[in-house]
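As written, the chains take the letters A, B and C, and residue 1 is the first residue of each chain.
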Amino acid sequence: MSWMAWTLPTAIFFTAIGLALVGLTVLEVYRPTERVRGFLPMATTRGDRFFISLLSAAFIHLLWLGLMDKGLLVVSGVSAVWAALLMRWG
Amino acid sequence: MSSFKPKNNRAWLGVLPVLLIVAFSAVIPLMTVVNYSVQDILDFNSRFFVGFEWYQQTLKDPRFVDAFLRQVVFSLTILAIEVPLGVAVAKGIPKDSRFTSLILILLALPLLIPWNVVGTIWQVFARPDIGLLGWTVNALGIPYNYTAEPLHAWLTLVAMDVWHWTSLIALLAFAGLTSIPTPFYQAAELDGASRWQVFRYVEMPRLQGVLIIGVLLRLMDSFMIYTEPFVLTGGGPGNATTMLSQHLATMAVGQFDLGPAAAFSVIYFLFILLFCWIFYTSVVRSDDE
Amino acid sequence: MMNRPGLSRGVLIVYGLYLLLPLYWLLSMSLRSNADIQGSFSLLPPTLTLANFAEIFSNPVWYEGFANSLSYVAINTLISLAVAIPAAYAFSRYRFLGDKQLFFWLLTNRMAPPAVFLLPFFQLYSAVGLFDTPLAVALAHCLFTVPLAVWILEGFFSGVPTELDEMAQIDGHSFLYFFMRVFLPINRGAIGVTLFFCFMFSWVELLLARTLSGASSKPIVVVMTRTVSASGVDWGLLAAAGVLTVLPGVLVVWFVRKDLVKGFALGRVS
């Protein structure tokens, strides 16, 4: 497995995503989601909003990395707040 | 996928083989790419964590930005030509003559040709010394040489892609047009609708669904174009026709820069993921309607 | 609107010519000797020769290239169909936990640029000892052929009424009997088209095939990129090889003509 070149941060990252997926699945079994219409232009399920959160977080980070040098933690914070907004009202 | 289906979680058994094989060929490699992208790898025993450095370097690298812009210009250009042309060609296909099948198969021909052969075909077709197109254009007194002039290389590349893929749009649009019942046309005629009005209010609504599919497929596939320009121009002259995939392939297997190439791959993949999600959402939406 | 305007018919004819000219040129090149190609320019071959084709059929580098390509394409097509048929049936007949997400995730693999997977594939297949074998290329191509097959087949299977499944149940047949003896034969057209598309997309791919094959399994697409020698490019030979790689697609297309469009649209149009 040495060719995969694991590092602690990426391992944590993928574990977190894996756990989130497991969590969403468990939640889906006990409290099935409904397609609801929030401030997004289309009706979304919980999983949809989770995906949109991740993808937009990635693009927010890319934008920052391309334009600025410092303060990445601030951006991560902004992404987290945006994700929370999406999950609740998206 | 319509939603009037019984719920049955045992259906997972049917999906499991696909899941395993795609996990092997997609999930493990993608995780590996992410791992590589945050490290400086000399060999697998001496590597250092560098955080987002490669991402920053890639995003600020003028060669990446140039390849990206080139890619966007190329994709938009071919869409702007292929979509209207494809619809126009589809409108010219007779709906029920004995030639219909023959015309459809003829149109499908370029789609069935291996991509590197498409490059080869255009190479022999466009070369100024031995190619029919290149020779003719030069004989008409217009100096044309796609291996030396960036603009000519671009025009040739666009002409090749139009040749290769307009048929896809035409075939899709034809499928959409044939689904319009004749009474619709008769009603429009009774109302005295002009040819433009018929197109706008009768044909366009029916074409919308297939055209969304066509446009998004073309957008995504043109975004990963590699083989045809690789064979035709090799990305040159200079870097004039080097698109994203070729730039990446040079970094990955040409120079073996694991870290930067991996960061590039992740960024590239994120864009495809975005397009893909738009495609899926719009297709599912039109399925539901 | 029965008397169609001449304008769009004109577009069709002009476009048809544009389509055929490069193809004619490839064919005409393949029938010329290199001396004729390099010599004075002419629309028709001055002398017809089959020497280029003879060279391909007698030189092991060329015909082994064809054999190598065909072997990984065949393995790939078999794997793809074997795993995609049950999956497409599941997607078309049932709702289950995570079905939509899974379906979307499959699509992302069809759309992912092979260049992105270049780096890890090279490491992965070297690590498991498959590098430079047809199986490596076949598995790598599964990345896009499996999702393609699932999407196309799902589109076709969804069009088959579910009453069929229920009737078989009432008749007391086992599910396996129904699936193998009733459902698959009814859908043989769909399976044919899917087969064709897996074949096609594996046959045309260059980047992964080139990266994952070394000296002993060189596919035809790679052999073709290496016709450049010290004496320049052997255009006649290259054109002949081009003609030969186009043939399989052209020969099969007649059988799948009805469903070709649906295949290209990932099974999304009826």
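For the reader, a short list of remarks on this structure follows.
Heads up, the rule we're going with is that contacts are C-beta pairs under 8 Å (C-beta built on N, C-alpha and C of every residue); 3 or more make two chains touch, one makes a residue touch a chain.
Since the model is a prediction, treat every value here as computed from it, not as a measurement.
Looking at A-B alongside B-C, one finds more C-beta pairs in contact between the chains of B-C.
Every chain gets a centre from its CA atoms, and the centre nearest the mean of all protein CA atoms is that of B.
Between chain A and chain C, the centres computed from C-alpha atoms are 36 Å apart. Chain centres here are Cα averages; for chain A and chain B they lie 28 Å apart.
Note: centroid distance chain B to chain C, computed from Cα atoms, is 16 Å. Shown for chain C are the residues that touch two or more other chains, namely 97, 100, 123-124. Residue positions of chain B with contacts to 2 or more other chains are 28, 32, 36, 273, 277. Touching two or more other chains at once are residues 3-4, 51 of chain A.
Across the complex, chain B meets chain A through its residues 28, 31-32, 34-36, 38-39, 41, 44-45, 47, 49, 52, 55-56, 59-60, 267, 270, 273-274, 277, 281, 285. Partner chain C is touched in their complex by these residues of chain B: 1-3, 5-15, 17-19, 21-22, 24-26, 28-30, 32-33, 36, 85, 88-89, 91-94, 101, 103-117, 120-122, 124-125, 129-133, 135, 163, 166-168, 171-172, 174-176, 179, 185, 188-189, 195, 198, 209-210, 213-214, 217, 220-221, 223-224, 226-227, 230-231, 244-246, 248-249, 252-253, 258, 261-262, 265, 268-269, 272-273, 275-277, 279-280, 283-284, 287. Those residues of chain A whose C-beta lies close enough to touch chain C in the complex are 3-4, 25, 28-29, 47, 51.
Across the complex, chain C meets chain B through its residues 1-2, 4-5, 8-13, 15-16, 18-23, 25-26, 29, 37-38, 41, 43, 79, 82-84, 86-87, 89-97, 99-100, 102-109, 111-124, 139-140, 142-143, 146-147, 150, 154, 158, 200, 203-207, 211, 221, 224-225, 235, 238-239, 242, 245-246, 249-250, 253-254, 257, 260-262, 264-266, 268-270. Those residues of chain A that touch chain B in the shared complex are 2-7, 9-10, 13-14, 42, 51, 55, 58-59, 61-62, 65-66, 69, 72.
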